[in-house]
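See the structures that follow.
Paired with chain B in one complex and with chain C in the other, chain A is shared by the two complexes that follow.
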Partner chain A sequence: MDLTSALQRLASYRAKQSRASADIVKDGELVLRKAGLTKLGDEEWAFLEQLALAAIDTGKLDVADDITDGYAIQACLERLAAKFPESPRVDVLQGIRMEATESSETVIRYYNTLLEADESNIAAWKRKISVLKSSGDIKTAVQELSTLLDTFYTDVEGWLELGSIYSSCNQYTSALQCLSHAMILAPQNAFYILEAAETAYSAADIPLALKFYLRVVEMLDEPPTSGTTPSRPEGPTLRAWYGVKLCVRDLLTSTSTASQSESQTTPPSEKHLKLLDELSTERILAAYSPSSSKAGEGPPLGRETVVKWLENTSSTS
Partner chain B sequence: MVQVSYKISHSAYTKLLFHAAKYPHQPVCGVLIGSLSSTSSSKSVAVTDAIPLLHHWTNLSPIMSIGLDLAYVYAKSRALDVVGFYQATEQLNDLSLSPVGGIIASQIRQTFTETLALVIDGTRVASSEAALIPFFADGDRWKKHPSGFSPYSPFELQYATSPARALSLIREQSLHLKLGDFDDHLERVSVDWLQNDQCRDVAFKG
Partner chain C sequence: MILVGVLRHYVMLLLGSSPKKQSRAAIREQRALVRAQVLRHTSAFSPIPPLFYQALSDHLQAAFATSAYLQPKSTSADASSGPPNPLTDPSAMDGMMDGMKKQMVMMVPQMVMMGWINFFFQGFVLIKLPFPLTLGFKSMLQRGIETQDMDVRWVSSLSWYFLNFFGLNGLYRVILGADNEAANSSRDMMATPFAGAQSQPAMGQMQDFGKLFKAERDNLEFAEGQYIWSGKDVEIRVLQKWSKL
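Our next item is the complex of A and B:
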């Protein structure tokens, strides 16, 4: 492993906000060993924050301790605090470090102090909610998060988190309401619509789930043009086509229960459902077509199982 | 009442641990497959393998439902049954079967009466004991089995060395990173989530 590529990887993890903690620690240790902090220039600070977070996440609280001029987490944090005194961001990092070893009461008290000093410190507020959640106090976590969203309505991450907490308590209708806020705030993001589709399905609102799934494929799947081979659906697109297939199967096979919709969504007519059934079958098979494997990737696997499943769920059988 | 005993193969045990280790900050779940053999006085379930399902949105049902369907199709093609459900949470000290986990386990129980549910015990993963907590159905509810994995309990590992071996495969060979679940497969269809031969422990048969 060489230094340049390690630095590049670290920068890319930061840009994508990937939680690749084990890799970050590995690359980070290499950077410390080969270059030391002084050679990093302005990148040093972002790097220290990244390394500290990753090391706490992987439980390596003594990261780089064995390197002569290396930095243990505490040293990372002290260096950041010296450079940016009273920075809310460094304060929160210090809190995250405490979360690794201190009791939830102590950490919540610490975050409360930060919030008393500056009630707009949204990062500290979110950490506090996260600690409440992991200590099992879901009720207070939901209350706090709702208050936070009253103040910072445009916080999409907050709405997604609240939705996810509701889902974990099987309150899918409330979860769906949170996702509808996320969709209003970021209508171009197909992932939120996909999550809404899966939440609507979990809430037993199949017509609404189908509508959301179709919206996702409309946004992501390339429409076939004449004369070219159809695209191969992958990632969220394939996931959505599987969802379409499932909803259509439910609507075609069971009589009244599946078409009930709390959101008053009207399911497509039987004729359209059958066409959607054919189309989703075709699109799923396209993803498993042996000739469609991409360069650098192996062939699609598990095709026979998928084909059998499609046969079992086919509306005509 | 006929006593039911369960034996977990090395392959099933390592896959469960790999799945939890690959996504430590997310809940994960999957199914157990195997077969039942019975005599007049006893029944035993051999859990021969595991199929990892989800690590995204584990509380939402459609992909779980499809993954479960596919696991059934696959098990049938191998002349095996889906015999149980497993999960691990993202909280180290949360060792209960989640409400959704209970629902899925009950659903599996409709096709396999001796269904077992396992929760991965994050606090014991690094020990040499089985880091699994067995749950059994009591009516509609799922209860922690009082004896757990211990000598003379109805739950045992086929190889007592599986926990230590799994740990060393994770720590020294990072074999857990090669495991793929159904969510991974939907992102890249070249991921072999049904068999996961790429992370099989070559030193072990079974």
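Our next item is the complex of A and C:
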């Protein structure tokens, strides 16, 4: 564990915006202990911000225990505030520090003062909304978030957050609307479509869910070029294939599901449904097939359970 | 001269004011168009189902028709006066002041240098131009030299100054990077000051959002006609891809 490797790791965390807070605190303490601040030059400020956020995240509000010259978190914030006195970014950082210890009313009052000074300070607005949400005031949080998204339409993160709040309140149609905005803003992103599929499935809109699952599969899974064995679906692809299997089973077994689509989506024809059933079964089995496991790993776990489940579902259709 | 150009660039950077803070209403108005554009951008292979697309499209069209996104007008007498008068609208005024300040900075060193050259380097020829010119140019390029028969190709130092002035653009691009102030402003002097100001979309306050919204409504209707859901027949595409069909 030396200084340069710690600095490199921290720089890569900053570049990728990863939330590896425990690691960042460990590396950051090392840097402080070895008086590495001077080595950073201009990056010192980004480092201090990163360290402050990570320390608040892990609850180590006083990163000072065995550091001789006592660089507490408060000292990080003070240094930043001294260097950048009127900065909205530092103000929001102060706000986040307050969130760790103060009551939510105090913090919301603080953010309100920031917003009165500058209406378009998105960071402060978003922090206020997250405090509202975590303190349980969902209604105000939703109102504020909707206003924010009305002004700052292209904020995908905001749309996803609003969608998940609606889902948590079982308002799936509104959640799907929010996800639609996220999807048109980032059409290449299969994860949002997968989330929309899951939301539609939870809302019992099976034909719509099936269509979304199939879109994910279309985007992510590729059949092998001639001759080679099929690849193993992983991650979101596998989840989507499971989704396809479930929806298809539902549509084939019960007659009422097809007509109950709230979004008035027409399901595929029965012939296509049967073919999709076969295809999804094949792909799920391929995920658990011993022959396609990587070298050095054992056979995939859970194969027997999956096979049994697939047989059960097939026999009832 | 090169040094003057470099100096101009840095002075310009210092003079340039920071982007103005805009109120929420102003931001909302500016970005309203983006909503419609984002929707239209993917309409030919849209990720969202028909019902949702229709709802969004209708909502945006209605909002544009009723000017729900426009900033609340402060007083009456706005519909008749067209785009706000630049001299009285404070936000546009700032933009114009900025432009004028920049032009002043440009002009002052140029005049100083021209005067200096005129004073010190008058009355003799400096270089011979590599290309021939007509007689009409003699009065311009040979100021202060009284010979009538001399070839127009011999020119005084003032014309060397002008040549440099226009030619150092390339050199500035190497020293200061592509988008530098020293070179571009020379072109600003050529264009009429107000024509440039009105056509820049950056000075959005002078743009008439009402007209833009109306145009966007028509675009939205057109996009509706183009709309196809990506989920339509997706099962057929997937089955074909995996050779099941």
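Throughout what follows, the second predicted complex is superposed on the first by the 295 of 317 C-alpha atoms of A that agree within 3 Å, B and C clash if a C-alpha of one lies under 4 Å from a C-alpha of the other, contacts with A are read in each partner's own complex, and residues count from 1 in each chain.
In the analysis below, a residue touches a chain if its C-beta (ideal position, glycine included) is under 8 Å from a C-beta of that chain, and two chains touch if they have at least 3 such contacts.
Computed from a predicted model, the values in this text were never measured in an experiment.
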Following the superposition defined at the top, how do chain B and chain C come out on chain A, clash or fit?
fit
Thinking of the overlay built on chain A, is A:T113 touched by chain B (first), by chain C (second), by both, or by neither?
neither
A:E278 in the overlay: touching chain B, chain C, both, or neither? Say first, second, both or neither.
second
Would you sort A:K308 into first (chain B), second (chain C), both or neither based on which partner it touches?
first
If you stack the two complexes on chain A, which partner ends up touching A:Y153: first (chain B), second (chain C), both, or neither?
second
Per the contact definition in the header, classify A:Y242: touching chain B only (first), chain C only (second), both, or neither.
first
For A:P223, decide between first (touching chain B), second (touching chain C), both and neither.
second
Inter-chain angle, chain B to chain C through the CA centre of chain A, in degrees rounded to a multiple of 10:
170
Give one of first, second, both or neither to describe whether A:T199 is in contact with chain B, with chain C, with both, or with none.
first
For A:Q260, decide between first (touching chain B), second (touching chain C), both and neither.
neither
Minimum C-alpha distance between chain B and chain C after superposition, to be given in whole Å.
19
Would you tell me the residues on chain A in contact with chain B in one complex that are also in contact with chain C in the other?
none
For a test of understanding, state which residues of chain A touch chain B in their complex under the given definition.
19, 57, 134, 136, 164, 167-170, 195, 197-199, 201-202, 209, 234-235, 238-239, 242-243, 246-247, 287-288, 293, 297-302, 304-306, 308-309, 312-313
Where on chain A does chain C make contact in their complex?
118-120, 150-154, 176-177, 180-181, 183-185, 187, 193, 208, 210-212, 214-215, 217-218, 223, 263-265, 268, 272, 275-276, 278-279
The answer for chain C against chain A in the complex is residues 21-24, 27-28, 31, 34-35, 38-39, 41-42, 46-49, 51-53, 55-56, 230-231, 234-239, 241-245
Chain A-facing residues of chain B, complex
25, 57, 59-63, 65-66, 69-70, 73-74, 77, 91, 94, 98-100, 185-194
